[in-house]
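Chain IDs A, B, C, D, E and F follow the sequence of writing; residue 1 opens each chain.
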Amino acid sequence: MIIQAILILGGTGLVFAILIALANKKLKVWEDPRIDVVAAMLPSANCGACGLPGCRAFAEKAVMGAIQPAKCTVSNAERIGEIAHFLGVDAGEAIKRVARLQCSGGTDVAVQRAEYRGLGTCEAAAAVSGGGKGCAWGCLGLADCERACTFGAIRMNAEGLPVVDVEKCTACNDCVVACPKDLFVLQLLDHPLLVQCKNLVQGDGVLEQCAVACTTCGKCVLDAAPGLISVASGVAVINYDKIVDAEESAVERCPTGAIVWLRGAQFARVPVLSSAEAA
Amino acid sequence: MTAIGVEIAVDAPEPIVPGAPPPQPLSLDFWRGIADDNPVMIQMLGLCPAMAISNQVSNGLGMGAATIFVLVCSSLLISSLRKVIPNEVRLATYILIIATFVTISDLVMQAYFPLLSKTLGAFVPLIVVNCIILGRAEAFAGKVGVRRAVADAFGQGLGFTAALLIMCIVREVVGSGTFLGFQLFGPHYEPWVFMIMPPGGFLTMGLMFLAMGWWGERKKAKLAEVAK
Amino acid sequence: MSGHEHSHGAPAAPTPDAGSSTARLLFTLAFFGSLGGGILAYTYQQTLTPIRKFAAEKVEAAVKEVLGGPATLDTLFLVGDTLSQELPAGEDPLVATKLFIGFNEAGERIGVAVEEWTPGFAAEVRLMVGFNPATGALTGFKVLAQTETPGLGDKIAKDTSFASRFMGKLVNPLKGTKNPTTDPSTVQTLTGATISSKAVIKVINKAVETWKPRLDAYEKGGGK
Amino acid sequence: MISELSWIFFSTLLINNFTLAMFLGLCSFFGVTTKMDTGWRLGAANTFVLVMTAVAVWILNTFILAQAPYLRTIAFIVVIASLVQIVEMVIKKFLPVLFRELGIYLPLITTNCAILYLALTQTTRGYNLLEGIVYAIGGGLGLTLALTLMASIRERLDVADVPAMARRMGLVLIIAACMSMAFMGFAGMGSGG
Amino acid sequence: MAFFGFAHGVHPPEEKGLTSALPIRRMPYPDELVLPLRQHAGKEAKLCVKVGDHVERGDPVGLADGYMSVPIHASAAGTITGIDWWPHPDGTMAQSVHITVEKYALQVPRPRLVPRWDGLTVEQVVKAVQDAGVVGLGGAAFPTHIKLAPPKDHAVHTLIVNGAECEPYLTSDHRTMVEYPERVHFGCRIMMQTLGVSKAVIGVERNKPDAIAALQRTKPADLDIVILPLTVKYPQGAEKMLIHSVTGIEVPSGKLPVTVGVVVQNVGSLAAVAEVFDTGLPLIERIVTVTGHGLRRPANLIVPVGTRLRDLLAHCDGVTPDAAEVIIGGPMMGLAQSNLDAPVIKGTTGVVVLAAHETRGETIYPCIHCGRCLDACPVFLNPSWLGDLARVKRYADMADHHLADCMLCGSCAYVCPSNIPLSQLFQASKVALRRTLQAAPQAGAA
Amino acid sequence: MNAPRLIVTASPHVKGDDSTPRIMWTVAASLVPVIAASMFFFGISSLLVVLAATLGALLTERFLGRPRSLRDGSAMITGLLLGLSLPPGIPLWMAALGGFFGIAFGKAIWGGLGQNGFNPALIGRAFLQTAFPVAITTWPTPGGNFFTLKGDLFAVPFMHPVSDVVTSATPLGLFKFEQTLTSVVNLVLGTTGGSVGETSAIVILICGAFLAWKGYLNWRSPVSIILTVLVLGQLLHWINPVRSADGLFHVFSGGLMLGAVYMATDMVTVPTTNKGRWLFGACVGAIVVIIRVYGGLPEGVMYAILIMNAFTPLINRATQPTVFGTVKLKEAK
């Protein structure tokens, strides 16, 4: 009886071993196993900040040597080092960029002309007479960007402006796409100069819409290196090619504070919640 | 979860399998299965037996014991043989080993616990396909040393049994008004037959997940509050 | 599952055709197959006796119960469509379909017991049915297997008063009703479990209908 | 004959639905039912494997295992596992898109208890080849039905405002409970009142 | 002619009685006019004046920038006192020219700026219409000359004139048909000749029997013009619905009416073309219905283009205390205004001032899947599902469910018992869809 | 001119009169005559059962539902309909428990009004039927003193009802298990045993017609159900009069009217498209007849509706309206 059992099972095992061995030879689709390893080491955020459709695509490219591990802006340095070490390649260099808001017209300083009723999203409000906001360029404060940020880097402050936590921001571009007013730009963290206004109305008339708007007075143009700032289009514009020439004195005489010199996060009043979480 | 899937899908020819779990103290290997990485509640594996037989506490005990037995024995064997088993037939071999232990426990149960074996029915042989066991073989036992493999197997087995027993207790107490057959609420209790029927199994497990979800949300809320 | 050991430094890009030799594959599977087979065969041998003992005891207990405690039992096997005292060689008496005949101390036949089933409310309802072929009266039944709704249909197995309603009823054939009855071949069904009750009645009728002719044929053939 | 076969078919499909009444194949029932397309595809793959298994098991039972019933579990599972692995390779080679869709769940069919359950039950019930195949189709379609319905309900829930605590798995199990309750309506079918 | 009608649609209260019997009156010139350079679909006009310039009535202040554009003309004599960003009726800011109206100028017709019609070739007519700055007055302000020169590969067989005016409250088309039926017919003649069609159908909703009668009375004998009464139903006046009602043809999804050989023009546009050739002055004024329960004295007015809402409402004795919302256009599709400095532009069909009790409630309930919106949508979309998708921002899926076919008519949002602003969701989604497509060309790959 | 404080909203700036709460409360109010009719036959017991179920539903909605969701009236309907679908003698604690279960697991967990996939009232009832199969199939006899309590209404919670109930089988049970046919006249008038709300088909029909006229319920699924049951039932009756009663009997017996008029019209859980509603109704009708004739249970309305609820998303998908201008597009291709 034991012999019989051994024969049956041994035989079955043998038959299928042959089948599998055959199948293995004929049908196998080979895939570099390192892809899976690298993919598992990536954050799986599938955010697209690296410019590739998802983390696995990044892993494939990284294994092929077509992209440097550090191009994943979401992962931390330690992890990136591990990946580079695993693949035996150079990690590459990460350049930290963050999202910056080109508006500082919170509810305390910007005029609201009419009461908006309807869906509480910026996208929807933008189509309804600009949500009743006096400034047609400014932030609507209904937090589409906050909801779009998968990294929880955006918090609305008490004045209805989104504050970007520069620690958490991975420059994934989601908020840039989400904002119907196109208020976000991705900018190098160490570029300190920023114009927080997009209102094209020239002159002091703009102050009827918002107290912190750019009045195109031209003082910053005079105070900065030549060619760094211009106001010809109706609002101050910084030429970031010349950013190395920038100095803090450029913003000092701005009558409304539309142009700012940034150290870290934007806006003086950082919401309690996000600063505590960052700590 | 991913590790399992990934490894099955890809036959990595490297002897040192990428994706092996990081070194950890034995106690962690053991506790992980009971709490953080509970096979039923977190990995969502082995749901079928957990729901099918969890309408009586005695079933849960029997099933848990059988599962732990199979899990530990097969992990032990697989881990000690991991260097000699060729990658291509890795799974087939694991299954052979697991099936052997399952059949042993089935036969033993039939012989010495005939009533229990009858109520558990086909679910004892079905331990073979309990995703936990193969999953552990794949993700753990096949890649680490014997001591760790056994610790992990015990942890996972106990984790499974714990989840199973919670369900059994809820279902038997509410559904029959008894615990291990003893009447709890006197003869006038109106049992909720629902709980020992199939929908009751789904519901009970749903309640467990809801409780976990609620707990998680509360923790999140607390964190946010602390941050404030 | 996220950490990784890679103390070996960077693995070189593996080549597609690296793999184990076919022979090793075959050997491994065959070896473990044989090993498993061997172990199982051994375990099976060891457990066979208790398993069979339990199964046989269970049947015997049921038979005794439905026949009201016979002094001796006789077993007939169904071979083809006829009853015989002998099983063809090689057949397992445990698995074969059987009819049990019970005798009292005086050696008189008090009844026969057979196993029958029919679909109930949930799945099959399997009974051991005992009846007296001479009178057509039921001597009892025992539920061997059922999965009816607990608290409702499963009363056919658990409610002893239900079983007692059947005692001595004449199967010619048996009928069910919802109301209390004294009719000799009508039984009152369980409230809320009419279907399960009727399944029991159906099994009993089926048992008598299929086995009585077989027994008659056997007796005519001079079996007894 | 016809009536027996149709009884096997319908009772497996509706009354003793593998997923909703027998608790089989739950891992994939909860794991892959987020999109309807994957839902029914997995169901179809399962049905295919079930039918294959029914045939293989019948062959094993008839020609090999008659003498060694204790080897059933192990022989069945080895056969099923090997079959699935071969099918997997075939699909990976010839239908890479489908493979991507079913991803890691194909191997899970091996450990889908419905398959082994079918093999064992088919044996204990002594089904012949035809009955076994019908049983497999009924069971497979039952799985497909449950998978598809669950997936379609979950697709609708994608746009619903589900409370946070129920979002992960809680609600899905409650849905299963509701479906299971609904399908109890078929209970007792065929027993004839 | 067979009447086909279109399925679905809604029946909002008409409220046309406020102004339907009031004859059209001319509004006096305000002190200042504001002319946005963007008043039409297509490219905005190119500025051609500077601050300090003096302009006569009818002088261009902006020139057509290419074929898909029309010039803008000064609607009164005066001085250019500013060129800057100014609130536009669509809620944004637009480059606008401010003219301080010369109080004592004659404002009289000047020598012809538009040539006489008779004797012009088709090309010359089209050019003249463009130079006169004529755009569709039915609301979309699509340059009319483009619709007069359909691509050669499409044979146009019918001109359909849109006199449905299905929006509640509005009566400007209605009064035009009652008071200037000859002008409508004259415009029709010009257009038929230019398009080279022999048949025209003027569709008018049955609730304007006096307009139908007037058109019938003045119908020229030599033209094949049919005046077709239409069921009163919103949005009967939507182009594709109208074509379906008149001809039974469904304009294919995503296609223009010319593909089925039809051109649709609004009656106001017809009258405008007629007037332009008649008077020789470009399009510098239009008929506007100023109405609503929030307004003291509703009226049908001839308003110079560029009149600020503030001046217009003041001319109608101002608003009542319970006025809550000022809408340019009708209440179904019009745009709410947050700034009364916004001017009347060429596409402004009416100004409606709603009283507080008429505005939408604030509470939004969840969609109960009642299916009313499905029964309302004239293009047979599933607004309920689209709305659900929009809420979770699944724009690509919305596109698969024909978001592009939604014409934002608002029928769905009108009937929704849960007060879900469906059409707003769809409008926002259309914008967002475009944005996401632009932002991520590789989207969907992951 | 003094500038008013303006509001801005998206178009359309006006809206039709019907609102979700108005619809819900009207439907709830239309159930009052049904309850009154039931009280005529079963006395105060009907009212108590309905109240208990409603209380359970409302309290649950209050504590588990979204803020202020009681105002929309849907939980009220759930409670009332659950009560109406229970036997008049059921212990009140069970009725209230059903209300809790229906709202908690049939609605709140799904995200509240509008999101649920299954009919909450029927989820509550199905739970009770599975949990307490005996209590829910104990049908007291109609008639008797108005204030007599039918059954053990005040049984101690979680304990057995002490049942010395005078029961009578429902017409469907009578037919299925005893092959006894009840006359359609009695069914229509409601003088038969059965659940609180299934007694008077006529009252339900009238209320339903009123709601349909107001546009508060879509008439397609009820009509489809009734037609299917009538035709299929009659067909099976001709084939085998012992197994199946005639079509009219099927239509007027059991919970069919209540289910068709009030439960297969719950727009949340039935298809949104009109085509889908016809299909939904036809399938419900067919399943009802199949369960009644071939199934183990005498009545299948609840299960049929629940089963079809599960199919609703699929039906919706299959019956999307053809978008204007796309038919020709396809032909052209």
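Quick note on the criterion: a residue touches a chain if its C-beta (ideal position, glycine included) is under 8 Å from a C-beta of that chain, and two chains touch if they have at least 3 such contacts.
Nothing here was measured: the structure is a model prediction, and the numbers come from that model.
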Treat touching chains as neighbours and tell me the shortest step distance from chain B to chain E.
2
Between chain C and chain F, how many steps is the shortest route if every step has to go to a touching chain?
1
Specify the chain pair with the maximum number of C-beta contact pairs.
E-F
Farthest chain relative to chain E (centres taken as mean CA coordinates)
C
Which integer distance in Å separates the CA centroid of chain A from that of chain E?
41
Per the C-alpha centroid definition, the whole-Å distance linking chain C and chain D comes out as 27
Round to the nearest whole Å and give the separation of the Cα centres of chain C and chain E.
83
When the centre of a chain is set as the mean of its C-alpha atoms, what distance in Å lies between chain A and chain C?
69
Can you list every residue of chain B that touches 2 or more other chains, as numbers and ranges?
2-3, 6, 11-14, 18-19, 88-89, 92, 96, 99-100, 103, 107, 193, 197, 199-200, 203, 210
Counting only residues that touch at least two other chains, what does the list for chain C look like?
1, 4, 6, 11, 14, 19, 25, 28-29, 32-33, 36-37, 40-41, 43-44, 121, 149, 151-152, 194-195
Going by the touch rule set out above, which residues of chain E reach two or more other chains?
335-338, 359-360, 366, 421, 424, 427
Testing understanding: with touching defined as stated, what is the shape of the graph linking the protein chains, line, ring, star, complete or other?
other
Judged by the touch rule stated earlier, which pairs of chains are there in contact?
A-B, A-C, A-D, A-E, A-F, B-C, B-D, B-F, C-D, C-F, D-E, D-F, E-F
Of all residues in chain C, those that touch chain A in their complex
1-2, 4, 6, 9-11, 13-14, 16, 19, 22, 25-26, 28-34, 36-38, 40-42, 44-45
The residues of chain C that touch chain D in their complex are 33, 36-37, 40-41, 43-44, 119-123, 194-195, 198-199
Chain C touches which residues of chain F in the complex?
133-134, 137-138, 169, 177-178, 296
In their complex, what parts of chain E are in touch with chain F?
10, 12-13, 168, 240, 244, 250-255, 310, 313-314, 318-319, 321, 323-327, 329, 331-338, 340, 352, 354, 358-361, 365-371, 374-375, 377-382, 384-385, 401-402, 405, 408, 410-411, 413-419, 421, 423-424, 427
Can you tell me which positions in chain D touch chain F when the two form their complex?
36, 148-149, 152-153, 155-157, 160-163, 166, 170-171, 174-175, 177-179, 181-193
